[in-house]
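Across the two complexes that follow, chain A remains constant while its partner is chain B and subsequently chain C.
Coming up: the complex of A and B.
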């Protein structure tokens, strides 16, 4: 019963996220479309984190690393393309590119590799130590980006023209929104399939009880590491899109504030709930937009809402709308 | 004599100056139930952990199915065919009963890196899991959340998961605990039939069950095996009587 209700809630959320920018396009409100695009992209970053945090129980306070890597993958490739300088000449010539699909492949591949390295080290620990070690990696990347003058250092990199996607004019807000929306939909589909797959069954068990997984002859660490890599790759792709939305990359994409915000999306929306990050990101961006206009201390209100959700709605907003999660079949 | 499935070869484990296992050599032979008894603090749990792979003995070797498994961890020993149930149930509590057993079937099948096919719609896995639930009498509760089961039912569920592994030997740590008289009697009947499938190393406090089931009994006191023999031999052994069974035995 609640399962069916959650499906309706999810469908309503997607319709809203699609309907508002379409309306804004017709009404000639490009800024609203940009806001919706931001929601879709940040939601996607949250969907990535939710695979590690919600399904696998890995509280990563360093997921901005992957978001930033996706952002800098785009920034570095596009920077070289717009300045007509090769990325590397020896031992082989690598040119920059403005072609989105190539940028995405690079963003996903590099994020996945870094997630493999960070995950392999961090998963030796658990609990608070896992949170701290992922935070430490986040800070390492943040300060590395600040101190790398070739790519703008603290000031970041500006990309003058949005990158290309075949058949689309990406500078038209609604067309770029379409890209972000499709990317979010695909990441949600993947997340849904993973949660129900054989892998997802083992991952959920590894979150609940590692000993149980070992007893049936499966290695819970290996399962969690693979989930961490998938999680990092999705958040990395979202980072590439985010950089393209802003046509700008800066070290703040690596900052622990952003890692924290991704966690807030998930808690607001409902930990482990498929659409949790979408609702959470939507609410966060709306609050930032409307309350941010009233006071620069708008995060106080976010804090109050977060407190309310944690104390009174353990399943987050999705839980409040559609009831307690039922074990899936 | 047939080759034992499981054999500990003089294993010794110290915790500081305390000898938790001293020169323990026991065997589990095909078709038998071998019970391990001993007073609290005798080192039963330590021995079980060394056999299951949670701890490595300081000295001695452990053989399983013809291989030296002394240095292998719990995952590798489970894959080698050791089906374990815990003294305190260790299950995925948020999952349904059926999900827990399907996890067992998945562990035996091994195809865990499959990201798109739904696990609970996999006919082979579910059929295997349901057959195991049928055998332990939990099939009617398959959609119940594991956290909502009674302690006794969780015990039965652990046995069902172990069955899906189709192990070469069972390692059961107090499966009767918390079952109550009738449940205990049912499980005794079930384990009686199970020994033909795979031998059972049984740690148990329920002496009625031990004497009803065990082909052989080993008595552990202060980390040492003081006697091994049939139920009748153990009952008659004077050392065992003083060390463990007390006046009423």
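Coming up: the complex of A and C.
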């Protein structure tokens, strides 16, 4: 019964996310479209994190690393393309590019590789160690991006024109929104398929009881590592899109505040729910927009709301709307 | 590169490590005894620094400023423990991370609200300014030497407190078996508040001492929090001894890395790029150290398996 209600809630969420920018396009309000695009992209980063956090129980406080890697993949490739300098000459010539699909493939591949390295190290231990280690590695990338001068250092990199996608004019806000919306929908579908698959079941089991998973002949650490890599790759792709939205990358994309905010999206929406990050990202952007207009110190309210949700309302907004208690395990 | 400069950098690394120990000790105690991961520990460090700057400005006395830092951070710790942390003992780590992240937002923005966005300055007092000459003719700032000595004294005091006093016995008992010491009639909730206040006070004290060298500003606690995490991951979570060894290791590695790596790369690269490669690599050095420890000892140098 309540499962069905949650499905309706989810459908309503997607219609709303699609409907608002379409309305804004007709009404000639490009800023609203940009806000909706931002929601879709941040939601996608949250969907990526949710695979590690919600399904796998891995509390990663360093997911901004992948967001930043995706962003810098786009930034570095487009920077070389716009300055007509090769990325690398020896041993083989690599040129920059402004072509989105290539940028995305690079963003996904590099973030997956980094996730593999960080995951392999952090999963050697669990629990609170995992949180601290992912946070620490996140900070390592942040400081590296600041102190490495080749790509702008602390100032970041500006990309003058948004990258190209065949058949679309990406500078038109609604067309770029369409790209972000499709990407979000695909990542939600993938997340849903993973949750329902044999792999997803093994992952859920590894979260709840690693020893039992081991006794049936599966390696829980390997299952978790694969999930962490998929999770990092999706967040990395979201980072590439986010950088394209702003036409700018900076070390702040690696900042641990962003990692915290990604977790907040999941919690505001409701942990363990497929559409939780979408609702959470939407709420967060709305809060930023409206509270930010009211007070310079709007984050203090976000802190208070978050504290209230954590201490008293663990089901998040979807939980409140669909009337289902969150499952404990 | 002169040997004098190297010794000065070693002392700076030691000083940095000892301040890191004051923060890490509280963090690791709070985790060891209460099972809480407290991201807001860096905020308590910041509270101490601001209280010291405000206290010293109001009274004109650095020592009173230090006392204000200790008090303010400990009181903030008690309030936070009673209002928030107490509700988190039975929760999972995710809830603890989120609630204490929320506390960071509230502390940081609240401080910005009260003190504004501009950094405050806490001056080194007259009787501690200037340099002393160490044996061997090495000039070294008196203030930094003083905080090395204070750091060592506090570390020794903390070890004595944990090893010899009644409170220390209870803290150690709380670490090994929470239910049992509650059953033996120790008021566990008072003990938790005490441990949290002790950790907070140490962090605030460190914030005040460091505040006189750097500027006092919102967000100053977060880099220190993350370094403290690296420290206790290296040392082993829950171990005070591990926190001490980890802190000194991190302090020395970071300070000497920033000093030596550009020199090292300068031996075979042109100075400008040697400097940038060296400093970029130096900023990653402690994390590489942490990764190395994780590969060989996943639970840290002194952690329980």
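Assume the second predicted complex is superposed on the first by the 324 of 329 C-alpha atoms of A that agree within 3 Å, B and C clash if a C-alpha of one lies under 4 Å from a C-alpha of the other, contacts with A are read in each partner's own complex, and residues count from 1 in each chain.
Heads up, the rule we're going with is that a contact is a pair of C-beta atoms (placed from the backbone, for glycine too) under 8 Å apart; a residue touches a chain by one contact, two chains touch by 3 or more.
This one's a predicted model, so the numbers in the text were calculated from it and none came from an experiment.
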In the superposed arrangement, which partner chain does A:297 touch: chain B (first), chain C (second), both, or neither? second
Could you say whether A:215 touches chain B, chain C, both of them, or neither, answering first, second, both or neither? first
Looking at A:88 after the superposition, I want to know if it touches chain B, chain C, both of them or none. Which is it: first, second, both, neither? neither
Once the shared chain is lined up, is A:125 touching chain B (first), chain C (second), both, or neither of them? second
First (chain B), second (chain C), both or neither touched by A:182: neither
Going by the contact rule set out at the top, does A:198 touch chain B (first), chain C (second), both, or neither? first
Per-residue contact with chain A, leading partner among chain C and chain B: C
Go through the superposed model and pick first if A:171 touches only chain B, second if only chain C, both, or neither. neither
A:15 contacts which: chain B (first), chain C (second), both, neither? neither
Enumerate the contact residues on chain C facing chain A in the complex. 31, 37, 84, 87, 93-95, 97-99, 101-106, 108-110, 112-113, 222-223, 226, 229-230, 232-233, 237, 276, 279-280, 283-284, 287, 290-291, 294-295, 298-299
Within their complex, state which residues of chain A touch chain B. 190, 193-194, 196-202, 204-205, 208-209, 211-219, 223, 226, 230, 327-329
In the complex, the residues of chain A that touch chain C are 53, 59, 61, 121-122, 124-125, 127-129, 131-133, 135-137, 139-140, 143-144, 146-149, 256, 260, 263-264, 267, 271, 297-300, 302-304, 306-307, 310-311, 314
So in the complex, the part of chain B that touches chain A is made up of which residues? 73-75, 78-79, 84, 86, 90-96, 98-100, 102-104, 106-108, 110-120, 122, 125, 143, 145, 161, 164-165
